[in-house]
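After this come two complexes, each holding chain A, first together with chain B and then together with chain C.
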Partner chain A sequence: MTETLVPQAPVSTAEIAPHRPTDWRSHAMERRIRRRYTAERRFRLLGLGAVVVSAACLAFLLIVMIAQGYQGFVETRLTLPLDLRDLRLERSPERLKGPGADLALAGAGLERAVDAAANRAYEAEGGAALLSDGAWLRVRDAIKHDPRLLTHPFTLALPVASAIDVAAKGNGTPAAERSVAKLGAHLSCGAAWDFFTGADSTDAARAGIWGALKGSLLTMVVTLALAFPVGVLSAIYLEEYAPRNRATDFIEVSINNLAAVPSIVFGLLGLAVFLGTLHLPRSAPLVGGLTLALMTMPVIVIASRNAIRAVPPSIRDAALAVGASPIQVVSHHVLPLAAPGILTGTIIGMARALGETAPLLMIGMRAFIAAPPAGFTDSATALPVQIFLWSDQVSRGFVEKTSAAILVLLVFLVAMNGVAIFLRNRFETRW
Partner chain B sequence: MSNNPPKMTASHVDVSYGTNHAIRDVSIDVYREDVTAFIGPSGCGKSTFLRSLNRMNDTIPTARVSGDIRLDGEDIYAREMDVVQLRARVGMVFQKPNPFPKSIYENVAYGPKIHGLAQSKGELDRIVERSLTRAGLWNEVKDRLSDPGTALSGGQQQRLCIARAIAVDPEVILMDEPCSALDPVATARIEELIHDLRGRYAIVIVTHNMQQAARVSQRTAFFHLGQLIEYGDTSDIFTNPRQERTKDYITGRYG
Partner chain C sequence: MRRLVLALAAVLPVALGACVDQAAGGGAGARDQIRVVGSSTVYPFTTLVAEQYLAANPDARPPVIESTGTGAGIRLFCSGIGASYPDLVDASRRMKRREYDECASHGAGDLMEVQIGIDGIALAEARRRPPMQLTPALLFRALAAAPGGRPNRSRTWRDLDPALPATPIRVYGPPATSGTRDAFAELILARGCEALDPRLATMRERDRPAFDARCLRVRDDGAFIDAGENDNLIVQKLRANPDALGIFGYSYLEENSDAVRGIAISGVAPTYQAIADGRYPGARPLYVYVKRSHLRAVPGLRRFLALYAANWAPGGALTRRGLIPSAASVRARAADTIMHDRALDLRTLD
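Our next item is the complex of A and B:
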């Protein structure tokens, strides 16, 4: 073997150039340090700016909502002197207790009497038209509460008509504003409890949120009862049992796609399948819940799979090595550790379902429903749909109702998140 | 060497992960009264082989085991073998301490509970105390059994894992580099513990540390590139290896 065959080591320039020690105090080095600090500062400021902007947006939204919405929880009342002594009604108190009382008082012409009293007292300002259509119901309830009112004159603050109410809150028509100015001290304010107990109405002064709230509650119950078990079980099966092959890959891709499908498509699906094929009742929370469950399930599956995947494999090994069966590994170790993540995913899915309007419109939950639903198959509407419907109303009284309903929806959401956070913390400390 | 029949016998075992042939034609007998050490450079397949002794490789979908592995003469890969029971009979301690995120008591009591080894709370308490005592941990934790197992130090966690393994009263305990994540003091405790447990359970330990193999084991198997190069009494392997490669490895020439 000749020397030429031995490969020559490449001569590196580093070896030739004399080695100079790094000058850590050189001008260039100091400039680099300065630049590094600037970049650091800039990045921090950007992050802080982003946080401030998002917090400001949130605060703005909340403040505007509350400023507009609180009036929905307040009603204007008109003080009305009443004398019902000539009302043709047997005054036996027991007749005014039971279920016959409403009918007895209505039959005795209470509504007319109230209207007449209003006409007498405020003839110049508009008379009975000042009062809300439901005002006489307040009188009725007052009499039921205290039948002795029938024996002597008394005064009662009754809710005014929507136009007057809006005017009193400073946003009415000129005519209504004049009436308010004339009524002056006869008007007062009070909490609109009817808003929390009533259902939808064509009269803004009588419209309440309870019907929609109950509809939403029932719908959410159906959604949770279906989407949570199915979603979590699918996630467990896919993560722990399913073999990795083309079929499961396809399922995984499909679930991811399903989570991204626009919600109105689920509405169409619900319309075609639940109403068209299965002939389930239209506008019912049952159908709404089923449709929203279809939409929520993929979200729960994805979140649960991620949470299950995040459980360290060493815990699985440990359980298997002491002889736990696969189901014991899952139920004793994997699920408790994945529970916080699963719950978070579920609540995100449920919150999205709660705020969803489009699919519910498709299955008929946009109908005008004047009574709260009694069960899962009764006609009902849901909070976001109610907001949508009210926002579409011409009558000005519905503007504040819309804002108030949004506040109710937000409170519902916050309550749901609160429950989720509570559960999550419980599971986290209770390993 | 003893004259008793071997506790576990493996003959002509091959293990592959997909196309990767990790173990080729390995035959080893494990005896109840001995500690058997598997040594060899990283990636030589000793952990893979260990995991095939209690079928932990089953959890890896691509793993394929062929050959014959028997526990007391029973084929552990046979159809009628219940893998859950097998893993209770052949316990395992892992490289990184992996206590359950539960209390110390729960960690040890878990195995007996799922196998129904205790009829009453009192009996379970006794099993927990006995296991922790055997694992040399009882005196350190007896006043705080409800503390989380994860709050213990690394060495204590590993002894807790050993206590968890022996709580189900296994016949064989497999240890996969049980000291590699521990400091020398904790390592010494574990080695002492292995010494104490010897005879009660057949113990197989995988280790990178040749001094450890020499200290704790009676029999040593040297693996290289998926093959069993040499297997025999520890004293012979370390003083008088028959194979050149074994000699090179234990004298530190490679590996």
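Our next item is the complex of A and C:
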């Protein structure tokens, strides 16, 4: 450090004017000072305004979604007296707990029996049309849970048809509103657990989010399993080992380009490669995960490279100086120190992949599937696609289901970001 | 660092598992899951059938139903036979000869055609505006790219008929890949075109491409607005913009009858009755096409088809969802097709 940071001032030969103390009281000076403070205040308010605008957008979105969506978590039920003693079952009620019970009960005409009971109890109000198409499934589950119900009359609160449900929540057609007014005290409210355990349905009263959520989870697992190791390893190679030459420059430019390619292009790529050439199953989380991994990988590479580059060279030098091998330097020092940045980048990439719709549409993950997927190669949808599908449904009951699904997606995203913050704090190191 | 290694170790088996899965599930081979693609108009009915199928067969794997639009659906359906191609295609119009040839060239020519019911193409307006009365000829002059061979210059409805309001012509409709759009062109525009110039009817017989270019092309200067395959979006646009008209399926009209109203065409309003008995000019049959070779290969496909027949009569579950039942004789013939696997009669395609 022989040079000074300040270059030497040129030597002036002119006579320096005699120095006079600054007159802070002069009119011009006060005006200039006032102007400085005003500009400062204006700048601060501008920043504050920007924060307020973005917070207001977020709050608006949340308030609208919660206002429309909270009712999606609530269902209206109708109390129905049931007497299933005449149901002809081929097997004794005690054996209903075993496998095949679903088939036995369906075969015994349970659906007709439930409809008949509704017609008897609420004939004037609309009978069986009041109940959701899937109401008898609720009865079936109750019987499977407690087969003794078949031996005596009982009452059960069953979900109502979507039109009645919407009317009970104050948004229905005049005819449905009248039915609700007549039913009065027979209606009750309850948490719509089916929404969290069920899959897609044509009946808004039965539609659930679990199928799509599970599809999203499986897709994310595949994406993470592929994109994380490949992304991090290529970042380590590019930062720690690769020589600096034209080839690596070209790779760097390509990766940056890839990160900016619109997601629909990856969808087309997935369609051509995974479905067209490799003949992987259509609509499967496996293919969705592979496609999204292609999209997420460049993001992870870039984030990891930045994190690795931010590790001070002195740490590497020190480790090498005490005799660590290059792989020890990377695995004992560089990676742990870069971990917070790598993990944050990964989770941000994953969050983007979670919200992605376009590539999934291309590979057929926009189907109606009435049961949750069982594995990676089963057909499935994903959360954002489910939201898109429900927004296109004829029935009005789906409006609140759409908003409720958006809330679930938001909670999922917040949870992921929470994990990112937790991991960052956990692995955070100081040097 | 050990934690990181552990995390990696936890992730790797999953990746390997995915590879094993891929070997087991990929490619050709048997499939025990019914796959359907096609029209967004038939989609709500097929999904309902799928749901009933699953309720009646709790052990079956859930059918997969994709809404792709009729044109794209038929292309997927026709790309071959075997496990990687759909078993069924929903169509909101009949398959065209050209599409059938495409199917046959990929070995998927052994088809069954089932008419599941009727849908009305409704022209709708916001309830807030005074009702309009239109005819196919007026609609043709308003929406065709070149009525009478000259580019369409009409801006407002009054330009066409002094009795109509002076609001700008603005119609939201489905995109060109949609069966609803094809049916609209076929049922309304072609009829209007022929009504204006009766000589064109003979042209339709002799020179089909010229007729299509003359009569079925929709203008693209902003009067007809492509609103995508989402019919709810069109309803929302009509709510927001009462000057506009919208084209969508009858079931959407019924569900949103508090906000929009069907426009009478030639004096006939799109009602359930008028569509069922064929008086409404915008009525069109809805079909599903099935590969006969898949009937044996895919378990449950036959039961799936039978469920359409069980629910398409008046009062059945499908009609409660907005499907309009076809005439009793048509239903009987379709049920017979399903029962006896009757092949599609090629001579009837055009």
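We adopt the following convention: the second predicted complex is superposed on the first by the 398 of 431 C-alpha atoms of A that agree within 3 Å, B and C clash if a C-alpha of one lies under 4 Å from a C-alpha of the other, contacts with A are read in each partner's own complex, and residues count from 1 in each chain.
We take it that a contact is a pair of C-beta atoms (placed from the backbone, for glycine too) under 8 Å apart; a residue touches a chain by one contact, two chains touch by 3 or more.
If you're wondering where the values come from, they're calculated on a predicted model, not measured in any experiment.
J.: Contacts for A:244 in the overlay, against chain B (first) and chain C (second): which applies, first, second, both or neither?
T.: Once the two structures are laid over each other on A, A:244 reaches chain B alone.
J.: Taking the superposition on A as described, I'd like to know which of chain B and chain C A:339 touches: first, second, both or neither.
T.: second
J.: Let me test your reading of the model: by the given contact rule, A:317 touches which partner, first (chain B), second (chain C), both or neither?
T.: A:317 sits against chain B, while chain C stays out of touch.
J.: Let me test your reading of the model: by the given contact rule, A:422 touches which partner, first (chain B), second (chain C), both or neither?
T.: Neither chain B nor chain C is touched by A:422.
J.: Is A:328 touching anything from chain B or chain C once the two structures are fitted on A? First, second, both or neither.
T.: A:328 sits against chain B, while chain C stays out of touch.
J.: Which partner reaches more residues of chain A, chain B or chain C?
T.: C
J.: Given the touch rule stated above, what does A:193 touch, chain B (first), chain C (second), both, or neither?
T.: Touch partners of A:193: none, neither chain B nor chain C.
J.: Applying the document's definition of touch, where does A:37 land relative to chain B and chain C: first, second, both, or neither?
T.: neither
J.: State whether A:369 touches chain B only (first), chain C only (second), both chains, or neither.
T.: It touches chain C, and chain B stays clear.
J.: Give one of first, second, both or neither to describe whether A:396 is in contact with chain B, with chain C, with both, or with none.
T.: In the superposition, A:396 touches chain C alone.
J.: On chain A, what residues does chain B touch that chain C touches as well?
T.: Chain A residues touching both partners: 332.
J.: For a test of understanding, state which residues of chain C touch chain A in their complex under the given definition.
T.: 1, 4-5, 8, 11-12, 14-15, 17-18, 21-22, 24-28, 33, 35, 40, 43-44, 46-48, 50-51, 54-56, 58-59, 61-67, 84, 229-233, 251-252, 255, 257-258, 317, 321-322
J.: Please give the residue numbers of chain A that touch chain C in the complex, ascending.
T.: 102-103, 106, 111, 133-134, 137, 173, 199-203, 221-222, 224-226, 228-229, 278-284, 286, 289, 331-332, 335-336, 339, 364, 366-371, 375-379, 389, 391-396
J.: Give the list of chain A residues in touch with chain B in this complex.
T.: Of all residues in chain A, those touching chain B are 243-244, 312, 314-325, 328, 332-333, 337, 431.
J.: Quick check on the complex: what are the chain B residues that touch chain A?
T.: 54, 56, 59, 61, 84-88, 91-94, 96, 98-102, 110-111, 114-115, 148, 161, 164-165, 167-168
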